[in-house]
Structures are given as C-alpha cells and as structure tokens.
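You will see subunit A twice below: alongside subunit B first, and alongside subunit C after that.
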Partner chain A sequence: MKNTKIKNALSFLRKNPTFTFGLIIILITLFIALFANFIVPFDPASSSPKERLAPPFWSSSANMKHILGTDYIGRDLVSRLFMGIRTSVIVSFLAVGTAVLIGMAVGLASGLAHPGLLDSILMRITDIQMGFPFIVLAIIILTMVEPTVASCIVVLSLASWPAYARVLRSNVMIEKEMDYVAAAKAMGASKLRIAVKYLGRNFLSAIIPVMPMDIAGAIITESLLSFMSIGIQPPNISLGNIMADGRNYISTSWWITAIPGIVVMIIVLALNLMGDVLQKKFDPKLNK
Partner chain B sequence: MLATITKRLLQGLIVIIAITVITFVMLRLIPSDPSRTMAPNATEAQLLQLKEQMGIGDPIAVQFAKYVNNLFSGYLGYSYFQKADVVTVIGRALPVTGILLMFAIIISLVFGLILGIIAAIYSNTWIDRLISGFSVLFQSMPNYWVGIILIQIVSVNLKLLPSTGYKNIRYAILPSIVLSLPMTAVLIRNIRASMMDSINQSFVKAAKARGIPSWSLLVRYSFRNSLIPVLTIFGTQLGILLGNSVVVEYVFGYPGIGMQILNAILRRDYYLVQGLVALLSGVFILINMAIDISYIYLDPRIRKAQGGL
Partner chain C sequence: MKQNADIKKPKDVQPDVLLEVKNLKTYFYLPSGAVVKAVDGVNFTLKRGSVLGIIGESGSGKSVTSRSIMRIVDEPGKIEDGEIIFKGQDLLKIPEKKMSRLRGSQISLIFQDPTTSFNPYMTIGAQLTEAYLVHKNASKEEIRQRCIEVLKLVGVSNHEEIMKKYPCEFSAGFRQRIFIAMSMIFNPDLLIADEPTTSLGITIQAEIIEALIDVKEKTGNSVIIITHDFGVVSQFSDDIFVMYAGRCVESSPKKQLLLYPRHPYTVGLIRSVPLLEARKTKRLKSIPGFPPDMVNLPKGCAFAPRCEFAQQKCLEDQPSLSEVEEGRMVACHYPLMDYCTSDDTTLE
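Let's look at the complex of A and B:
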C-alpha cells in the first residue's frame, strides 16, 4: 500500500519534469528559509565600512569572501538574501494559510446557510473585498497599523481569501444535497461534524492547484510593499528592502538591486510551474 | 438578461458605497493629522481653524453626513494638498493613465495574438518552446523590478527614452511596455492552449478531412473558436492590469491615477483618496460585471441556468 503510493509519486515526478524542476527549487528555497540562521556566511546585520559596495565574483576586483559583494554599508549580500528568502517564505506561506482558513470559515458558513441572510451578508462582504483594488487597500491598511511581519501576513491574506470562500461555498451547496449527508444527518451527526468531515473533503482538490500561484503572488506583493518601505521594516530583512537600499546605488552597483529580483523571479517561476501541472492534473475536463 | 444586468448593477453600486464608507473610516483611523502635515509650526488654535477649513474638524459621523450630502450635489470634495477640487485632480490624471493603459493593452493584444498563434502552429518545436519559455519567465518577473531595471538600461545607460514624469507621449512608452509584459505572457499561453484545444475538436478535424489547407484551417476554424475563452481571460487580466498600473506609475513617477492615489494616501489627502478609490473600484466592478455577462452571453449552459435570456 505504502509502496504503491511512493511508486505513484515517483512516476508522477518522472512524467512531469517541469513540476519536478519547480519542486526542487522550492525544496532548496525551503531549506534556505529554515536554516538561514545557520548557513549565512556572515552576520547579515554587521556592517564593515571598509568593504562597502564590494563587487560580486565575476568582477576582477572581487573579494572572494563576499561572493555576491556587499551593500552600501558593507553588509554581505549573500547573507542578506538568505534572510530575505526566509522572510518571503514565512510571510507568503502564512498569508496563504490564513487566507485558506478565513476562506474555509466563510465558505462553510455561507454554503450551509444558503439560501439565507447570513449567506447574503457573507457573499456581499466577499464582493466588497474583491471590488477593492488590493494594492490600494494594502497601502491604506499598512499606513493605518504598524507594518510588522504579522500585519503584513494579515494584509496579504486579504488578497486571496474570497476565492477560497467561493470555491468552498459552491462545494458545500452541491454536497449538502447529497444522500450521504442526509444519511449522516438521520444518524444524528452534528452540523459541525457534517461540515468538517463530509463537506470539506472535496475542498482540498479545489484549492491545491491554486495555492502555489497564490503563494507566488504573496511573495511578489510582499517584496513590493517592502520595496515601497511600507511592508517589512528594517532591521528585518526582506528581498524588497534589499532592492530599495540598492536602488540608490544602481548606477554603480546594479547587482544589489538586480539579484534580489532574480531570486524572487526564480521562486515565483518554480511555483508557477508547479501550479500549472497541478491545475492540469486536477482539471476534471482534461482528466477524462 | 436585462433583469440580471440590473441586479448586478445594483449589487455593484452597493459594493461601491460600502467601499467608500470603509475607506472613509479607515483613512481617519490612520494615526496622523493632515493639518499638522500642512502646517508643521502652527499653534493649536490655528490647527483647529485649519481643520475646519479642510473639512476634517467635525466628528467622523458628521463629516460623513456632510460628504454624502455633497455627493448628491455632485461635489466630491477638495484636495487641500493640491489646492483643487477632487474632480479637477482626477480629470488631470485620468487621460495620463488612459494613455498608459491603452498602450499596454495594444502591445499585449498584438504580441499575445501573434506569438500565441505562432506557438500553436509550431507546437512542440523549438520555436514554441522558446516563446512559451519566455512567456513563463515574463509572467514570473516582479513588474516593479522590471521597471527599475529597464529605467536603468534604457533611460540612464542608453538614453533612449525618458524615465520619469510625463510631458508627452514618449514618456508613456517605457512604463506601458513594463505594464504589458505579464498580460502579454498570459495571453500567449492562453491563446496557444486554446488553439491547441480547438485543433483537436471534431469540426476542425472534419474541415481537415475536407481538404481545407492547414493555414486557413488554423485561422478560420481554430482561431475563431479559441477566441471565446481568451476573451474572458482578457477581462480578468484587465482588472490585474489596473492594479499593476498603480505600481508601475509609482516606479516611473508617472503622474496618473495610481501616483495620485499613493501620494494622497501618504499625505492623508482624505477626499482625494475617497474619490480615487471609488473611481478605481467602480471600474474594477464594471470589468468583473462585463466578464460575468459575457459568460452568460457566450455560454448557453450558463444562460439556461440563469433562467434564460
């Protein structure tokens, strides 16, 4: 039983090289995020004025201690990138996790209450959330509250919860009419038990394919907000505020701005590749 | 059909009203005083007077009542930082953003269609792989970062195009290229996929069996049929484009709606923010509504489920 599962997974990976490629990049990203504290070659916060704006390895005057060079006060770029990746991963994964939780709660309540007042209210709230230009909402909220890691997570989760809520709501609306739910009800199962045990089970196959893309979106938005200096604040390190620091020196030391962007691009690319394959796999139309 | 549209319009109106109320309250919860920003050295008494002039002296509920009252006579309020009516400021910024969006949409449509069709015709050759590869890559690049890099290369190093501000149409070229990239990528991928899809459908196969040449087969049969899904993708992308334009305008210092809205939020220019948010979300909601209605219109199954036309 267990062996066939592993075999299936392996054959899936072999048949979908783009998925495998994405997965490997994401695993490396997660490794860096988890162990950033231990694998940074230098203290990412310690500056050394003598070595400021050191060039990266491809330059002839490079100092091989700092492979990607240093920033404007001589902090090691590799170390800062590792810490930035860590922030990106923490913020984006938790933001999408929060969005799924909010979406589940709203979708379940709404679907069970359909048709009814609670359903209407919840759906109008969803409409409002979707009608509000997200970037504007994010900026207003982040100037209203203190921009901490936690508030960034909450703000980013606002971008994707309505989609999850709608998916679960329509799932619940279909499933709750099924015979097996009526049977469970007749046997005296509580509403909550029915909701969690029976109605939520199809939810996963609906949300797994979209999650990688939502995480990718959260990573881009987090780096953007931090670049605009309304997201993650120093001394916390984000790929966005590394770019913001670098932009003042872009004419002479362009790599400080370019490399964090490339890092974001690689992670987002990996997530998009995984999401593409998952979407095809979970699309019932293509699975016939 | 008409009943559905009326119902959706009413729902949209309610959503815009709700968004306006939320924005109104949230702005006033930002812990900073715009009158202080206006006059950093004023005394308390002078500040009170200034607040009265700016229309932010009363309690929130009273301010809101006055605001709604003004709305009914078509007055959106006054931007005290720009010393002009909100309508005037919007009127100045709107055409600038309009040009940006128009350019970006044209670029996306032209390149999306051409490259998407080429990728489908030469599917699974190196041409297709090159086009598809680049479109995945462009889809994954952070838009604002592409902007920063292109400003450096094209404007600063090569001195080909101006980088910031807006004086004439040349100033819109670089930002609209940046803005169009993700949309172009999405269109290429979807046009390719939907062409490939329709190539395999029976009516196309039948046409092929009748001996219709493959080029005309692709354009007259596959392409026409693949436009429907692409149309809805285009609608969804328009909404995303609108959000991205705020970011691109920020990076390029491009004085359109997005730049105005950012400055207004940062300076607590309350009435300007409210007007701009209502405008943006109104356009947003109209686009979404148009997508939904086009679904109903184009797909007979949904039309039936909604109770006929």
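Let's look at the complex of A and C:
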C-alpha cells in the first residue's frame, strides 16, 4: 500500500517536470528558511566598513569572501539573503495559513447560515474587504500600528481571506443540501462535526491549488511593503529590506537591489508553476 | 448469508409498543406565504419487533413522516404538533442534544439514493468509523471488529479491501448494502428505511429487501419501511399504513389490506400494480387524475376528486380515521366493505 503511494507520487513527478522543478526550488527555499541561522557564512548583522559595497563574484574586483558582494556598510549579502528568505517565507506562509483559517471559518459560517442575517453580514464584510484597494489598506494599517512581524502577517492575510471565504461559502451552500449531510445528521453527528468533517474537509481540493499562488502573492506584497519601509523593520531582515537598503546606491551598486529581486522572482515563479499543475490536477474538467 | 446468524442474538421480542406517533403535524412554510401541510395528523403505533410499511404516492408525506421522527426536517419545515413517543419518551420534547444521541444509536434512517448518501470524499472504512465515533470513543481494533461484524450482517465479504475503497467504486446496490450495515452499527431498536429500493434495479431491489429481512431476523429490531411499491411491503411488513396527501387513509394488518382493501384509494393502488398472471388484460387500471395540490387541498376528502365512489358528502366533509373492523382503520365515509381483490375482474 505504502509502496504504491510512493510509486504514484514518483510517476506524478516524472509526468509533471514543471511541478518537480518548482517543488525542488521550494524545497531549497524551505531548507534555507528553516536553517538560515546555521548556514549563513557570516553574521548578517556585522558590518565591515572596509569591505563596503563589494561587487559580486563576476566582477574583476570581487572579494571572493563575499560571493554576492556586500551592502553599504559591508554586511555580507549571501548571509542577508538567507535571513531575508527566512523572514519572507515564514511571514507569507503564516499569512496565507491565517487567511485560509479565517476564510474557511467565515465561509463555513455564512454558507451554513444562508439564507440569514449572519450570512448577509459576513458576505458584506467580505465584499468590503474585496472592494477596498489592498495596498492602501495595508499602508493605513501599518502606519497606524507598529509594523512588527506579527502585524505584517495579519495585514498580508487580509489580502486573501475573502477569496477563500467566497469559494467555501458557495461550496457549502451546494453540499449542505446533499443527502450525505442529511445522512450524517441522521447518524447523530453534531452540527460542528458536520461542518468540520463533512463540509470543511471536502473543499481542500478547491483550496490547495490556490494556496501556492497566494503564498507567491504574499511574498511579493511583503517585499513591496518592506521596500516602502512600512513592512518588516530592521534589524529584522526581509527580502524587501535588502532591496530598500540598496536603493540609494542603485546607480553604482545595482546588484544589492537586483539580487533579492531575482530571488523573489524565482520563488514566485516556482510557486506559480506548482500552483498551475495542482490546479489542473484538481480540476476534473482539465484532468484528462 | 445465513451462516452468520449467530453474530447478534435477537433481542427478546416483547409485544409492547416501541413507537407511538400521535397526531403528528409537519408543515412547510413557503416563502410565498403558502403553507404545505405535508404531514397532517398522522397516528400509528409500532410494536417491538414488528415491521410497518408506509405506502403512498410521491408527495403524500411518507418521507417527511420519517424525517419528523428523526427530527431532521429541513427548513422551512416545522413540526407543528403531535407526539412521537419512543420507548416512553416524547421525542419532540427532549432537547436537541439528547435527540442527536438517539439518532444513529437507537433510531437509524436508511436513505433513498445510495449514490448520494455517502460522503464521496471519505473511504467506506472511514465512514463506518465515523458512524461509530459519533457516539462512542473506542479503540481502533474495537471499531474494526464492529465494522466487520455489521458488514457480515448484510452479507458483504472481503471487508479489508472494501473498507479502503471509496463509495464511487461500488454499484448502487452494493452501496445500499453498506449503508444498511452502517445504520446497524449500534444495533438500533428502530430502523427506518425511506424508500431503500427506489433508485435500484429490480433484481437488486429484491436483494436489498432480502438483506433487510435478514438483518431484521438476526437482530429482532423494529422496522418502518417507506415505499410506493406494493411488492416491497407485501414481502416484508406486518402492518401497512396507506398515506394520501399527508394523512392516513387506511391502516391494517398486511394480509387483510392486500386481500380486502377498504378504502377506494387502496383499491386503486392495488389495481395499478402489474401482475404477472394478468398479462392478457388489455390495460392496467390506474387512478385517474393527479395527487392534489398540497397548497390548496380540497375541502372534503382529499381523494374525493379522483374517487369513483365519491358522493356529495365526500366533497364537503373530511372523513376521520375510524375503526371499521378489529385492527383496521379507514378514513372514508363509504368504505368498500364487500370488496375483495380476488373477486376483482379487472385484476384477472
């Protein structure tokens, strides 16, 4: 049984090289994110003014100690990138996780309450959230409260929960009329049990393919907010922070800003590749 | 199938009453303001260990009756009045929590369409386990043992393999078998089968009814079987209860009802059953007209507009259920006291 599962997984990977490619990059990213503390070659916070703005390895004047060069006070860019990936990845994963939880709770509640007052209230809140330009909302919130890591996670999760809530609500509205839900009721299952085990669980297939794309979106938004210095604050390092650090030196030391940007791009690309394949896999109409 | 007879010892069959439904009224309040009286004053009693067949056309309130007993009537339906006395307590008065503990453990409901009554995302094993866990915490091994027991009860073998599969991998008949097994997990005293064979093929219908009879014989529980098929009730039940437009029109022991129906509607129903011997008859006799509009029920007897024996009184005055012979209740002003199906020339 276990062997066939592994075999199935392997053949899926072989048949979908784009997914495999994305998965490998994400696994590397996750490895860096989890073990950044141990694999950084230098202390990402210690500066050495003598080596400031050292160019990366391809330049003739490169200092090979710092493969990707250093920033304006001589901090090693590789080390900072690793720590940046760590923060960005953790923040965006947690943000999407929070969004899924909020979205599922709201979607389930309003789907079950449909038609009713609670459903109307929850859906109007969702509509407002969807209609409000997210970046404006993020700027307002982050300038009002202290921009800590936690508040960043909350703000980022605001971007994607309405979509989950909507998807879940429509699915719950369809499925709650099904016989098997009545059968569960007749079996004596409580309302909460039916909501979680029968209705909530059945929509993972609608949610999983969207998650990589949302995580990608969260990484971009986090970088953007940090680049505007209203996201993750120093001394915490995020990919957006590093880019922001290089902003003043962009005409001479463009790589300080460009390299974290490229890293963001690669991670986002990998996540999107995965999301694409998952969407096809979970969509019975395309799964032929 | 008989070799597993020793799995469950039959309960002591006591002649006392298990379920008594008194004046049950379940109304549906439509958004337009209209009220559909889906069940309007139904009375019946079910003795321990006996089988009651409820028969009637679509929309006569059979399923709503069963769902009312389970108290799972969906919005906008509401149980308006009546008593459902199960083992001495009124199910309509106990709190919801207590009721949900009874569902599945003491009263089980088998649904009409086994293709939709299973959660398509869970394996058979997971659903059987789930049915168990709703009422009781137990070790994996204990649950597995019980699942295998109930699967054996309905004549299903190679359990291991079946429990790992998903509902979509089985035929409808097989799924219905598994559903019966699932509803038997706690060996309920009352099993309500709501048209358990309607969506199945004719040979599978016979198999499922056989499985139900088998389960009933082995466990000795009481069964309410809801159907619109006389074949099903004639095989299975002790008493028959004929429903029309949310009311009971005739209730009687099976044999008397099939041989000497007293209500014109029952006669019409029996006449409309195709008989193998009657192949030479030119046309099957059907009841003229349609079931009444439930929003605007006629003033008198609901069946009067379709009844060939109707008289002026039938159109004005609603007949109430009264005893015409011992153990036989008929709601008709002019019951057919001399009718016998074996004399009916249209059936030959």
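Worth pointing out:
Definition applied: the second predicted complex is superposed on the first by the 287 of 288 C-alpha atoms of A that agree within 3 Å, B and C clash if a C-alpha of one lies under 4 Å from a C-alpha of the other, contacts with A are read in each partner's own complex, and residues count from 1 in each chain.
The criterion applied here is as follows: a contact is a pair of C-beta atoms (placed from the backbone, for glycine too) under 8 Å apart; a residue touches a chain by one contact, two chains touch by 3 or more.
As the structure is a prediction and not an experimental result, all values here were calculated from the model.
Once the complexes are laid over each other on subunit A, subunit B and subunit C both fit without any clash.
In the superposed three-chain arrangement, the CA centre of subunit A forms the vertex of an angle with the CA centres of subunit B and subunit C, and that angle is 100 degrees when rounded to a multiple of 10. In the superposition on chain A, A:220 makes contact with subunit B only, while subunit C stays out of contact range. Of the two partner chains, subunit B is the only one that A:250 touches; subunit C does not reach it.
In the superposed model, A:185 lies in contact with subunit C only, and not with subunit B.
In the superposition on chain A, contact of A:143 is made with subunit B only, not with subunit C. Ranked by how many residues of subunit A each touches, subunit B and subunit C are led by B.
Of the two partner chains placed around the shared chain by superposition, subunit B is the only one that A:124 touches, whereas subunit C remains out of contact.
By the document's definition of touching, of the two partners only subunit C reaches A:193; subunit B does not. Closest contact between subunit B and subunit C, by C-alpha atoms in the overlaid model: 16 Å.
Common to the subunit B and subunit C contact sets on subunit A is no residue at all. Interface of subunit C with subunit A (complex): residues 70, 72, 74, 100-105, 108-109, 111-113, 116-121, 130-131, 134-135, 164, 179, 182-183. Contact residues on subunit A toward subunit B in their complex (touch as defined above): 124, 127-128, 130-136, 139-141, 143-144, 216, 220, 223-224, 227-228, 243, 247, 250-251, 254, 257-258, 261, 264-266, 268-269, 272-273.
Partner subunit C is touched in their complex by these residues of subunit A: 1, 178-180, 182-190, 193, 197-198, 201-202.
The residues of subunit B lying in touch with subunit A in their complex are 11-12, 14-16, 18-19, 22-23, 26-27, 29-31, 136-137, 139-146, 148-149, 152, 156, 242-243, 246-247, 250, 261-262, 265-266, 273, 277, 280-281, 284-285, 288.
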